[in-house]
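Letters A, B, C, D and E mark the chains as written, and numbering starts fresh at 1 in each.
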Amino acid sequence: MSTVILLLITGLGLGALYFLVASGLSLIYGLMGVLNFAHGSFLTLGAFAGWELARRTGADNWLSFVASVLLGAVVGAVFAALTELLLIRRLYERHIEQVLVTVGLALSSVALFDGIWGTDPVYVSGPSWMGGTTDVFGASIPNNRFVLILAAVLVLLGIVLFLKYTRFGLIIRAGVENRSMVTALGIDVRRAFTVVFAIGGAAAGIGGVLAASYYGYVSSSIGGSLLIFAFIVTVIGGLGSLSGAAIAAALVAVLQQFANFYLGGTGDFVVVLLLAVVLLVRPSGLLGSKA
Amino acid sequence: MTRVRSFLSQPLVKWGLAGILVAFLAIVPMLAIDIPGVFPGPTYTPGTLQLLAFSMLIASLALSYHLIFGVAGLLSFGHALYFAIGAYGLGITLRHFGLELLPAIVVTFVAGLFVAAAVGALSLRVTGISFAMVTLAFAQAGSVLVRKNPGKLTGGDEGLALDTTHVPDFFIGVLQTKNLYWLCLGVLVLVFLVTSWFERSRAGHVVAATRENELRVRVIGIRPYFVKLLTFVIGGVLATLVGMAYLLLQSSATQKLVSADFTLTLLVIVVLGGVGYRWGAVIGGIVYTFLDQRLTAFASSDAVSGLPDILRVPLSQPLFILGTLFILVVLFLPGGIAGVGARLSRSRMRADEPRTVLEELT
Amino acid sequence: MTDNQPVLAAEHLSLQIGGARILDDVSLSVSAGEMLGVIGPNGAGKTTLFNLISGVIAPTSGTIRLDGRDVTNEQIHARARAGLGRTFQTSSLFNGLSALENVRLAAQVELGGSLSILRFPHRGDRATSVALERLDEVGLAHHADTDAGVLSHGDKRKLEIAMLLATDPKVILLDEPMAGVASGDVPGLVEVIRGLHKGAGRTVLMVEHHIEVILGLVDTVAVMHHGQVLAHDTPDAVMANPAVQNAYLGDVA
Amino acid sequence: GCAPTEQANPGADLAPVKVAIITSTTGPLAGYGAEYTQGFKAGLDYATDGTGKVDGRALDISYVDDAGDADKAVSAAKDAIGGGTQIIAGTASSGIALAVAEQAAQNKILYISGPAAADAITGVNEYTFRSGRQTMQDVATAGTFVGDLAGKKVLVFAQDTAFGQGNVAGVTAVLGAKGATVTGELVPEDATEFTPFAQKVSDANPDMVFVAWAGATTGAMWQALSQQGIFEKFPVVTGLGDIASFGAYGEASEKISFLNHYFGGAAGTDIEKTMITYLDKNGEKADLFTPDGFVAAQMIVHAIKEGGGDDVAKMIKSLEGWSFDSVKGKLTIRAEDHALLQPMFQAKLKASGDTYVPELIKIVDADTVAPPVTK
Amino acid sequence: MSDPILSVRGLSARIAGQQVVEDVTFDVPATGVTALLGRNGVGKTSTIKGVLGLIERRGEVTFRAGGSAVRLDRLRTHRIVQLGIGYVPEDREVFSKLTVAENLRLAERSSDPRREFVAELFPDLVARSNQLAGTLSGGQQQMLSLGRALINTNTLLLVDEPTKGLAPIIVSEVAAALAEAAKTVPVLLVEQNLQVVRQLATDSIVIEGGRVVHTGPAAQLLDDEDMIRRFLGVHGETTGAGATA
């Protein structure tokens, strides 16, 4: 019993991490209609920034932890906004090139991080409570999993409210379909794009700092390794659907945990299988609108 | 109507030039051309021949991907799988089944055919991003399989070395690199011919039409599924073929071949060369390989290590240079290298603009 | 003119999407060589009817017969092979291919072997010459090498017709062929349509809001409204029907 | 060239001997590559008495980056061999090492693999040697932490990779032979959540846990073991990594019993001091794989001295069975399978300010941890 | 006569590097409906898109409203539209994955949109306000597209073939709506339906091969069989066929 609970809650923790990456990915997909391969780099840079701050301010107090999460968000947002301004924006309505430019950015940014911070992982620690455990029905759950879940819920709520109570939600959905018509309605679609990119980047940055605390290290590759699962989650959930991504993130991660544990380490296999089955049965994903 | 006439005459000229080029490439091992900084040594040296041979294999692989991505507009994220089947398949049949080289090649080819047909048949039931993801899923499954090393067949992260018992001597050893070079040249020519053949055939035109507008294809009375499957399978088995040549050239297969990154590399190559252009895939493959392999030498050269930090740190990372270069190409050279060539010579192969095959994914 | 066996028949077709009844028990039959005009207000279900007949959408219930054969469960391409051709309300073309290639692809299907990997399309072959003829018929010969995607709106409409001609179908569904065609080009296109009907004895169903065009061409008119067939009769009778006047024509005519 | 003659400087008028060092300077294993290369230079300096020449004959050494990619390594090897190189050394990746070893065999040249740990490299062919330790030696060292193994339960906690599987196989072979019951708990390579597996370890209740882990997830794995209270319950043994990885052990640092290939200052030999002095001059530090480079240089110099630098068969002969003093103490190249017999260390980590420093517990002699002969 | 609301001087426009409009010069008077006419592919749509900055353009475009003159060729599209220019595109361009209501909401530029006006004009849209615009029939989409422009109070309307594909009854409604709108707002109208042109237009501009070949009062053009034949290719007896629908 306690094992099941352990698997379930740690699975949700991992799912929360997937969601933090997938949320921005899904948002940006909703925005530019393409998968952003550089999203992992937003996350990685956020993680490095958070680590640099924590390192300088003493890693083990809560204040510096919260500050590094915020810094991670800001850095992720700035990186994403710059990406949009300098690269994506120039490729006006050329989706294929937009995807490709993010592929190039992913390649070069990871190499640059390697050059700056080295290829060895840097190990991080946080407030000591985070490294402790809490007993839930006999299972010792690492505390930072709760922080992850909380952060994911907050980010989900934040983005949902933002889309609901601002015009951005509409602009994004319309802009994907026909960007020039949106401008022809008198809307500065470029600014909307930058804002949304920045929000996606911020979510990734938060994800980065929390991922560092979850993995216990930062390296240039943490973004990339999470990205593939974030893709899977985004697609299973239905492209562009945030709540779909949230459900899929939880589903994928929990399933992965159980399969890893009970089915001889076949977690990845099962996830990939799930992806194939979902798409073959429901090509638009769980909550995706039919194309 | 100018195109009507050029339609007939142009191919003759083109094929003639291509023939001369192949003939020239064939005698390269006899020549002593040296381009410092590009080649590690004169062209008759094994190091340079190896590099050339390797780049021709990557070009062939890119061509096979061009068929699927550029011609059929199918964004497959799992193309590396068929290449890996070639390399690992041949490695396993030689080492563990103890087959002779020729039967081993046939068995591996059939395996590639079978897997491509099965995966294609399933994944072509969906389109766009879903298709990309289903193909990725199958490739990931392959990757997990290779890494899990079932029955110690694949060697896991230690890789699988070529068992040379049944490989003829003229393929073994650095001194024989020129034979391997000719093998790779042969593979490139073969793949190019098959690709051109297919693209020019009626089926090839139907595939191109399907890429443009699938519903319309149905309405004129064609079921697009089979042509797409046909293209996917041809692309797949060509990749398997290239994978086998790869094993002979490199003498070992590692799990990198099955990685999603590797397919992404193919995408990069095809774009670098120019989506939709056959020559683009070839040139992209060659340029990419040279950059990839030679930038490593550049990045660790004294010229770089003497620079101030702000330049040295990025420049000492080959992937940084490659990625940046790629971004620049995408930003400033729409249509890739072949696109520039086509614009300069004003001879359009299909369209002036790069293919917007990803558009359908939106 | 309608007492021989119908070449195309829709029997009790209904389509329901979500809560909306988009087609409601539509029955309509067309006999060989007949030209039927389908008119009705926007949203009446005309395009939907064409989509059901051509197989783009499956009906919720009902049967579609082509030459007396039930084709309800056949796929789009199978119906096309059986001689059903159509155009789209918004032009649907192979945008990246030249106008000639667009038509040639259609001609190849008709001539057979279109999926062959052993045959290469070239300027001298049958398909190409047929395609060039068709382009000429609709007045697009000068655009043979233009990519379909960059043709102007009106030219795209013409290209659609040329493709249709090339597949040589028995039964043709035309969805607003005149929409967006310059007034000056309308008569020419009317002649093309007349030729493809009278000249070749094909059966034609045509949705069109240019009521004059309809009246000048068709044998019978079906009026659709709210997913139902309101009337199916000769043009004169239909025009005199007050219900039609109210629902469709308003005070214009 | 002419045959060497009995002169003071017999090699002075011969062409330099070409040597290619193929290892990572970029990519995921760049850190190991740097340690190796530094050690190599120190070793070369030592073995040639600072002349860089062997019996007066110059060495033409090229350093090539493999970027962690087997294709690049193979290309580099072919390029080198094609250019007349008959001696290649290096690489920390087992996959690359095996690929280069294959090239060595096909082309009949001498290859001395670097820090790559795979047991498969030992005895893979007659042309391949190694300058580092292999998994079996790690495992055997772990065994020395438990006095009498008979009837003891040993659990191997490892990743489900060739490296991890090799460790399970190694422990089963080495410690199993001494009477221990060995079980493996293999964690999927891509897993990121280790808590449930840590709990499995706890439930298994072994007498000793042997952890074989590589890569970045190490930190998370140790944290999971700490959180599930493993250290309070059982002795835990693992290999001590390089300095960059000391941060990974976290809370557990002082509770783990480390087996160790090498850390700066572990051996206390004179040669080690020479090496450290050399490294100091360049502002470098002795680390886990520095001796591997050092040993490679010694082996190359020896092979050239005895075998002349041009005759591969002679060079191989000269290395087989050779015993010599090196950084870690006395090393022997076993003639049968080219295993490098060497002493290993037991160590622990001690907190020192913000960081940890390793401390030697004991030196385990080479024979105790010699791997079984590969056939 | 007062100043024109829109002056176009030497406008050239390019699509994908290809010149589609060349040196076009014309004025749109501050009142009434100006018809922009010409055969298929002559560049009517491109002219309008050029004015709006939706395609690459060169030349002078001056917009006069409220006493000041603004150079539109120096502004980006959204700024131009914010000056009070409503646009009804040729291919409807409704956002197919947004509902009808969302399409309209997105189009609202002011705090007090004319929702009732649009609702009265097109009751069908109200009934379908929660339907995805992509599932609307062609004609319904055209209404939505018009609704998006008319929901704002504009100072100029650019309307590209608004009656294409509409049932006759709707055509007359749309024409009436445009006539109503034209009482307060000047309109630049592209239209193939000559009857609608006759009913609405006060002035006319004819384009051929990317250039303006005729300007003048609409009535003058429409009454001149010769000019109609020359510019629009319409022969006397078929004028009706094209025009009635």
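Assume a residue touches a chain if its C-beta (ideal position, glycine included) is under 8 Å from a C-beta of that chain, and two chains touch if they have at least 3 such contacts.
This is a predicted model, so every value here is computed, not measured.
Relative to the C-alpha centre of subunit C, the farthest chain centre belongs to D. The most distant chain from subunit B, with centres taken as the mean of CA atoms, is E. In terms of C-beta pairs in contact, the better-connected of the chain pairs C-E and A-E is C-E.
Inter-chain spacing, taken between the CA centroids of subunit A and subunit E, is 44 Å. Chain centres here are Cα averages; for subunit D and subunit E they lie 77 Å apart.
Here the CA centre of subunit A is 38 Å from the CA centre of subunit D.
Touching of two or more other chains is recorded for residues 316-319, 355 of subunit B. Counting partner chains per residue, subunit D has residues 26, 160 touching two or more of them. Each of residues 114, 176-177, 268 in subunit A touches at least two other chains.
The touching residues of subunit A, when paired with subunit B in their complex, are 33-35, 37, 87, 90-91, 94-97, 99-101, 103-112, 114-116, 176-177, 228, 231-232, 235, 239, 268-269, 272-273, 275-276, 279-280, 283-285, 291.
Subunit C makes touch with subunit E in their complex at residues 17, 20, 39-47, 89-90, 150-155, 176, 178-187, 190, 209-213, 216, 247-253.
Subunit E meets subunit A in the complex at residues 52, 54, 76-78, 81-82, 87, 89, 93, 95-98, 102-103, 105-107, 109, 148. Across the interface of their complex, subunit C is touched by residues 1, 3-4, 7-8, 197-198, 200-206, 208-209, 211-213, 215-223, 226-227, 230, 350-351, 355 of subunit B. Residues of subunit D that touch subunit B in their complex: 25-26, 63-65, 67, 69-72, 74-75, 78-83, 94-96, 98-99, 101-103, 106-108, 118, 120, 160-163, 165, 189.
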